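First chain A sits with chain B, and in the next complex the same chain sits with chain C.
Coming up: the complex of A and B.
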């Protein structure tokens, strides 16, 4: 039922049979502690999610208009819509390219960051983009990449006019989105992985040094095997963030009107369907998009968990 | 993880003392290149931030002279953004929204995390999985139901209950529900790592469960609670889609949608300086919080993973 990676599902240690058992055995009295949070979570999150599934089988143009049963019509429309194919492809491409990009950057960081001078500064500065509103990042990147923007002006002043591009044009804009997202999320991945790497016993690196290992060999034979357990968690977290990409697409495509299909992700497409841009909002279809999205993500996460499943390393 | 018991065994295919060529590659070229990439990255981030800050103090006509310094510091960008473009209102809304959301979610999550941490193995395990499920549900699926609930609640409260309602309350409530899974997940691990001797002492002294939690356990969990609070604060500060979908009145909006609106409407005008002042208003408070709590957030981010 759970699609959480193994690292997130913590194994519960056997309870020691000491005096602590007396405290722990009064489990029923603990319900008042749990119930308020449980109620809020179920009523405002799980419940609405189930209602979303229900609406996805309806034809509904929004509040005030009648809701009629539509069966699978919304899902059929999704499959038949050629724009939807672009959206799906974009979302998958973003996930794959994002994960690969983050992986490469993280590998580079893991190679040297551990022993590097100024590692604290690097760690903090690299993490900052993750903290900043994607809208703000989108605006800044918009000016950076504008046809008359900082990048093109800099290229010209360096005499590299041939490299000038219309970065935000329909052909390139989604590539820029992918680069920006990779840039944002890599900091998160690095910070998460480094914390785990710091807890790898120094003795392992000492014996690697004694054996004359190079930096690359230290990474390949010590760091990576030792951090395999948390890799699954980091990949899942990055994946969840990659699926949600919305704001940055909106700002990079101009923030007025609707983004072109070539740059739409699932989240953007759903927002467009639900808001009255050029026509009526379509809540049934919007919900169906949401459901399809959940199914897609579940499949991806389960596949990834299969791929990354690992025996815990004993040392 | 198990403690060190035996010396690590080098893998079978590990060859110590590689040839000079691969030693140059593995010890000089690769690490050197990697360091260069990292410092370039750091430089890019710092320069980008400086560029945004400098641009926010340029006059509108100077904004596109990227490579020149401002002729004078145009502080009026900030006053115009604050008053005319609604960033002042949005700032106040965002502060209230983010603090209310972060505080309420911790208020709900901390007792729940404690309860789960101290209940039996089976019930606790299931509850934790049940809560963690919420971290994996994409928000997309709940947006339509929220729009419906938002409108229904509005009618219900105004017509039948209080005669008054503010949709921002619903936005906060929903955000709290979004943040509970992560908060419970991180805090539960922390509460479970605390020794139960102190609780036992308090129980023997006749303190109730609730008193024990409030007087003994909560103070002990202070660092974790603060970390979760700050992380939730940052998440709420940057939330855009939810506010965009649920709040139609610009006067009640937060910074994200306001910045997006300003950006969209600026395509026709050219108050670029104001736009960059807006970016600074959105960015700087979060940077301040981050610098202020510095390493503690980074520790907190990893708390949920490194167990």
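Coming up: the complex of A and C.
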């Protein structure tokens, strides 16, 4: 079923000249403008990034210590490290569960808010967790989830002692991290998608209503197709944020030591390797972790972008 | 003639060396090389603004400048300074005087030999080294016996309890493991969870196992688990026995319910409110929990219980905090004078009276409730640095020991599996490192 009026069907817009051809045609006049930005990019981003790749093939304890060639040893160690398997699994789990969780929360929000009065206020409220420092969120969740914290105390006061848990213990701590991160990022997804919904012409919803569409059908046949481009951006942003989760883990598990493996993400493992609580830093292995992380993120983002690719809709 | 020249040369060399090291000189002597006054002594501290120690040192630095004319530029950076030091000092951007912790000496290869400070005089004219005990000198030196830090305060460990609420324990503290378990069982039966533990803090959690192992196998046994790259150290029967003893406490429910998810310092604070009876912690606990303590709370401690047949029953675990001098210091002489000054009676007594800690100098009187610690440390036949310095063994501590301890304390492995996994994972860790 398609409820889009025929005049609003997707059609290809004329493609402007892009890429190498465009650059070649205006190259002489472009370079003076491009060079300063390019220089800054090379010095501040590309240079350090390439240095990181170089260090990943070295043994190095940081500035002032000798750097020796290690070949692929750091990468081999990563594959053999059983702790690293837990870290990778945690990161992928956080990504999948986080995206699904954010998706469900956002979907419900879109269903409820798409035609609700006062949704601007709601939008501000749900965005607040994203504005709060992740450190503060981690600390707050830590207080909430401590064995003597608010959650267990509330359960006891309701006579639900059997539901009291050691929330920050090794069995549950990562589930709590996932819940905290999902709660934080859902606001971002909801706000971005609601902004797109606001820009969808009301006539489309009116047409849908005339066609007898239910709320779910309006969402599926009008809202989602019209916001697919932004949806792709939101999913990509959330994916990157989920893979970079660091501060919430550190604060939730207590910064006066190192977070347990059961709660570690890729970013946490990299930090602990480069700034150990005891012992000496290992920048070679830490850089190898960083390189592997970038490769993993790139693959996932490219796959997601392909999955969510859509033609522009004109109306 | 040649002999005469040699004699003159030798005399000049000795005089120069004496002046440079400040050897035998009293702090503030005019004879000191004025080079020390040409530029300030830059100090980074691990004490954060507002802490008792920060106030003591801020005042001491001011007094030092008044007494000697040497300026001090102090930055109280808090605990984050430890991570910064590792990169700042080798890059030549660090301070002259660094914060020092006996358990971190092995982490840094940029600490100078502080023998000249030990040989220098305090403002009262006493020899700095004479006031520092042999055991304290041992833990503040590197494995080759070269002193790398001048301690200001000593940290010691014990099992703490509220003497006001537990007069029976105060009058007859448990001495052996069996006596301790009986006391813990009694507390639990009376309705008070026996042992307080913030289980998310790996170091505090591991301390129960490390203490038991050190009692059984003596100094160095815990560190050896990581330092022995073959993993063979895990084959010692004491490892399995220590793991079984500690896991027994877990299985008997002697730690507070939900200890595995307790975030530091929640359990410690709950202990101060009389919600648990025992707390294995350092000598700073009375000061740290002061604001949280229940009315009438009287924090006392007893030594970690001995274990029958153990070779480490005379052992004392201790820590030391103080100062080191960077090998890239721009004002080494000023730094040496400052460290000798901090060993003076005024500063040392302030560490006891205002910061409630055990001062390093034996002439200073420690807080009354901590006095036994210093006696125990001075008289101990065996001594080791906090946690046997195992956390400093490469990244083995984090990658191997921490997850294993967590599994042991959560009864996810048997003591035998703990030992066999420890052996295999240690060997694998070093093979891949």
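Everything that follows uses one rule, which is that the second predicted complex is superposed on the first by the 271 of 315 C-alpha atoms of A that agree within 3 Å, B and C clash if a C-alpha of one lies under 4 Å from a C-alpha of the other, contacts with A are read in each partner's own complex, and residues count from 1 in each chain.
Criterion: contacts are C-beta pairs under 8 Å (C-beta built on N, C-alpha and C of every residue); 3 or more make two chains touch, one makes a residue touch a chain.
Quick caveat, the model's predicted, so the values are computed rather than measured.
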Which of chain B and chain C A:167 touches, first, second, both or neither: second
Partner chain in contact with A:132 - chain B first, chain C second, else both or neither: first
Touched partner set for A:98, first chain B, second chain C, both or neither: neither
Chain B versus chain C as contact partner of A:81, first or second or both or neither: second
Comparison of chain B and chain C by chain A residues contacted: B
Contacts of A:148 with chain B and chain C, given as first, second, both or neither: both
Partner chain(s) touched by A:232 [first = chain B, second = chain C, both, neither]: neither
Which superposed partner A:253 touches (first chain B, second chain C, both, neither): second
Chain B/chain C common contact set on chain A: 62-63, 142, 148, 254, 256, 275
Chain B to chain A touching residues, read off their complex: 1-2, 4-8, 10-11, 14, 16-18, 22-23, 25-27, 30-31, 34-35, 37-39, 41-42, 45-46, 48-49, 51-52, 55, 63-64, 66-67, 108-109, 111-112, 114-116, 118-121, 123-125, 127-129, 131-149, 151, 173-174, 176-178, 180-181, 184-185, 189, 196-197, 199-200, 203, 209-210, 213, 234, 237-238, 240-241, 244-245, 255-256, 259-261, 263-265, 267, 275-276, 278-279, 282-283, 286-287, 290, 294, 298-299, 301-302, 304-307
Interface residues, chain A side, partner chain C - complex: 61-65, 73, 76-77, 80-83, 142, 145-148, 152, 164-173, 253-254, 256-258, 260-262, 272-273, 275-282
Residues of chain C that touch chain A when the two form their complex: 83, 86-87, 89-91, 103-104, 107, 109-110, 198-204, 256-264, 266, 270, 390-399, 402-403, 406, 410, 425, 428, 432-433
Of all residues in chain A, those that touch chain B in their complex: 1-4, 7-10, 12, 14-15, 19-20, 22-27, 29-34, 36-38, 40-41, 43-49, 51-53, 55, 62-63, 105, 108-109, 111-113, 116, 121-129, 131-136, 139-140, 142-144, 148-150, 153-154, 157, 188, 191-192, 195-196, 199, 201, 203-204, 207, 211-217, 221, 230, 233-234, 237, 240, 243-244, 246-247, 250-251, 254-256, 266-267, 270-271, 274-275, 283, 286-287, 289-291, 293-294, 297-298, 301, 312, 314-315
